[in-house]
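Read through the structures below before going on.
You will see two complexes here that share subunit A, one where it goes with subunit B and one where it goes with subunit C.
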Partner chain A sequence: MKVLTLNFLTCAVKACKSTSAAFPLHPKDCELVSDTLEANPKLLFNILPRIDWNALIITASELGFPTLPPTPPTPEQLENDPKMMQELHTLLLETQISEGSLVCANCSHEYRVKEGIANFLLPNHLV
Partner chain B sequence: MLPTPSTSHVEFDRIYEPAEDSYLLLDTLSSESEKAFLQQRFSRGTSDVVAHDPPSPFVVEIGTGSGVVLSFVDAHAETIFGRADILSAGVDVNRYACAAAGRTVSVAEQEQVAKGESHGFHLGIVAGDLVGALRPAMVDVLIFNPPYVPTPDLPALPTLSEEVAAPSFEEDSYLLSLSYAGGADGMETTDRLLDALPEVLSRERGCAYILLCAQNKPENVKQRIRNWGKEWKAETVGSSGKKGGWEKLQIIRIWRVESLSQEEEPK
Partner chain C sequence: MDSGSVVEPERYEEQHVHQVYEQIASHFSSTRYKPWPIVKSFLQSLPPGAVGLDVGCGNGKYLPVNRDVFIVGSDRSTNLVKIASQHQPHAAVVADTLALPHQAGRFDFAISIAVVHHLSTPERRREAIREILECLNEGGRALIYAWALEQKDSRRGWDEGHEQDVMVPWVMKTGKKNPNEDGSTEKTFQRYYHLYRSGELEADIVAAGGKVVESGYEKDNWWAIGQRDPGNKP
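Right, the complex of A and B next:
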């Protein structure tokens, strides 16, 4: 699963969904793989406006990526900053989580990721 | 006609095999009328200036099975949505289906690349129950081919267990039953999905395509959605044709229109 997927996921436990701590889920002991993709600035520009940037800052830092600026760059800023363009391309488009866990900061449940598939099925006591 | 993605790698003894319902979804989503609806809803506008594009649509299939529908939409995004920069993702309760669907999308994307054509941007498939793991108000297009067959009982959902059951005929039959057995009126799972729609669909652009069979009482389903409020619409947009006066299978589109301004009277 692409790292970007984390921006769309939340803890599946009902009681957590209304809490702000359930998003973003926190990667733990994650193995990353990288696809090599051609630059696609248009895709980046059209993804950026729908990203929760604060959550992405957390995800990027927890996965050990370069620190993101406090606000999302505009397309103009990106075009004038090849380094940031490359960093966002790598983080958002190329990087996948293949193994590890995603942890909810509210209930501490760990969702396992195996072979790139995160498992959001809940154990009996949390259903 | 757009080519149907290959699913030759999928083990159909434990994963739902593409059938008439799956193909009705492909035909409906690539029909002229739905392309027009989706392109208008997610259009790039008239300007070529990239900065003016509306954000990439987030397209999610719930219950991917083999992934034939999701991979079709992803591979043919440019034809269907008028733009290739869609974000696609899938959810299935069957972990084998998740792996198969991921592979189906990747094969379909590679075929597009080999032809020099575009495809969408695939985020991944997650194992889970319906929309439980999705953040609210994010999904722009939701596609659902539910377990719609009326059955005396609804199979229990799998829960997380540390031991993975060894492959067996019983396990395979159970996994397949999750793909078709719908309980009372074939609607028990669809009802849960419908109840979650107002929360999971994006406020301005959200829409859903849901397959129903005649026993699901589609007219009642559509009326129920219209009763959510005057901004909610539900129409039949695809049908397998009539059999004894009944439309055996149909696809309903559910969407929200921007609320009318106060001086404008509803028609």
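Right, the complex of A and C next:
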């Protein structure tokens, strides 16, 4: 599961969804693998404003990546900085959580990630 | 409604929808590769960088249509999600349509193709649509498809007046190496469907707190594009 995906996931429990504690989910005991993926500048430039940057800062730091700048780079900055673009591409699209859990800070429920697939089906008592 | 009848449809769908797809996943996937034209043009019309959902994504056959957007697909079937997650640059997770792991108001678009017709009560079908619409931001659009009751020229031949809740067989070849006990080499699975009649999908979208932007009929299916409607308080 990509780091980018984590930016668009929250706890599946209805009562959690509206709380700020449920987003982002927190990686726990996660193994990371790196995929090689061709960079698509058109996607990367345009998706930046759609990313919750503060959540990404938390996710990146919890996964052990170097601290991200407090605000996202502008498309112009990215265009003139191929290194920054490659780093963002690597973090968002190439870095995968292969095994581990994603934890909701509101209800403490842990969602398992197995073979890169996150499972959000809820046990009966949480539905 | 007593608690017994709340649990029942879930168990029913578990047996007659989820377990079937999990078992037929790979065979089903090999037959699902051609995108329907309206879904294709909906996805191709999106601006680069748009972020959306494919609720009930199955094998992810719509994910390759546009690689300049980012789609988080979800499905109940782990076996289908494993196939779907191979379509870059997109993503796929295992989730229930009635409990999506996504924030409200966050997404530019959603598609849900041939999914809500697998839910076995009107309340659950509307709840599924509500769940999808809630994920959309202002101006976000959801394209929803459901199998039509009116399809007298299809090989199933259903039409107006027919029972809307039906079991539909899926015949899978087991192969000569794995024959059934009686020596036959085919296995039949029954899937539950609610066949939508004309106007029903639009009515469900409105009942789910949305508004219909556009709707129509394509290849034995009703489709509709819905949006959140702040003025609609059902």
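As a working rule, the second predicted complex is superposed on the first by the 127 of 127 C-alpha atoms of A that agree within 3 Å, B and C clash if a C-alpha of one lies under 4 Å from a C-alpha of the other, contacts with A are read in each partner's own complex, and residues count from 1 in each chain.
Everything below uses one rule, namely that a contact is a pair of C-beta atoms (placed from the backbone, for glycine too) under 8 Å apart; a residue touches a chain by one contact, two chains touch by 3 or more.
Since this is a predicted model, take the numbers as computed values, not measurements.
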Clash or fit (per the criteria above) of subunit B with subunit C on subunit A: clash
Contacts of A:L9 with subunit B and subunit C, given as first, second, both or neither: both
Touched partner set for A:F65, first subunit B, second subunit C, both or neither: neither
Touched partner set for A:P49, first subunit B, second subunit C, both or neither: both
Which of subunit B and subunit C A:G116 touches, first, second, both or neither: both
Contacts of A:P75 with subunit B and subunit C, given as first, second, both or neither: first
Footprint overlap on subunit A, where subunit B in one structure and subunit C in the other make contact: 1-2, 4-5, 8-12, 17, 23, 42-43, 45-47, 49-50, 93, 111, 115-122, 127
Interfacial residue positions of subunit A with respect to subunit B in the complex: 1-2, 4-5, 7-12, 17, 23, 41-43, 45-47, 49-50, 74-76, 93, 96, 111, 115-124, 127
Footprint of subunit A on subunit C - complex, ascending: 47-51, 67-70, 72, 74, 76, 78, 81-82, 85, 88-89, 91-96, 99-104, 106-108
Contact set on subunit B toward subunit A in their complex: 50-51, 53-56, 58, 85, 87, 89, 91, 93, 95, 98-99, 102, 121-129, 132-136, 138, 157-161
Residues on subunit A engaged by subunit C in the complex (per definition of touch): 1-2, 4-5, 8-14, 17-18, 23, 37, 40, 42-43, 45-50, 93, 111, 115-122, 127
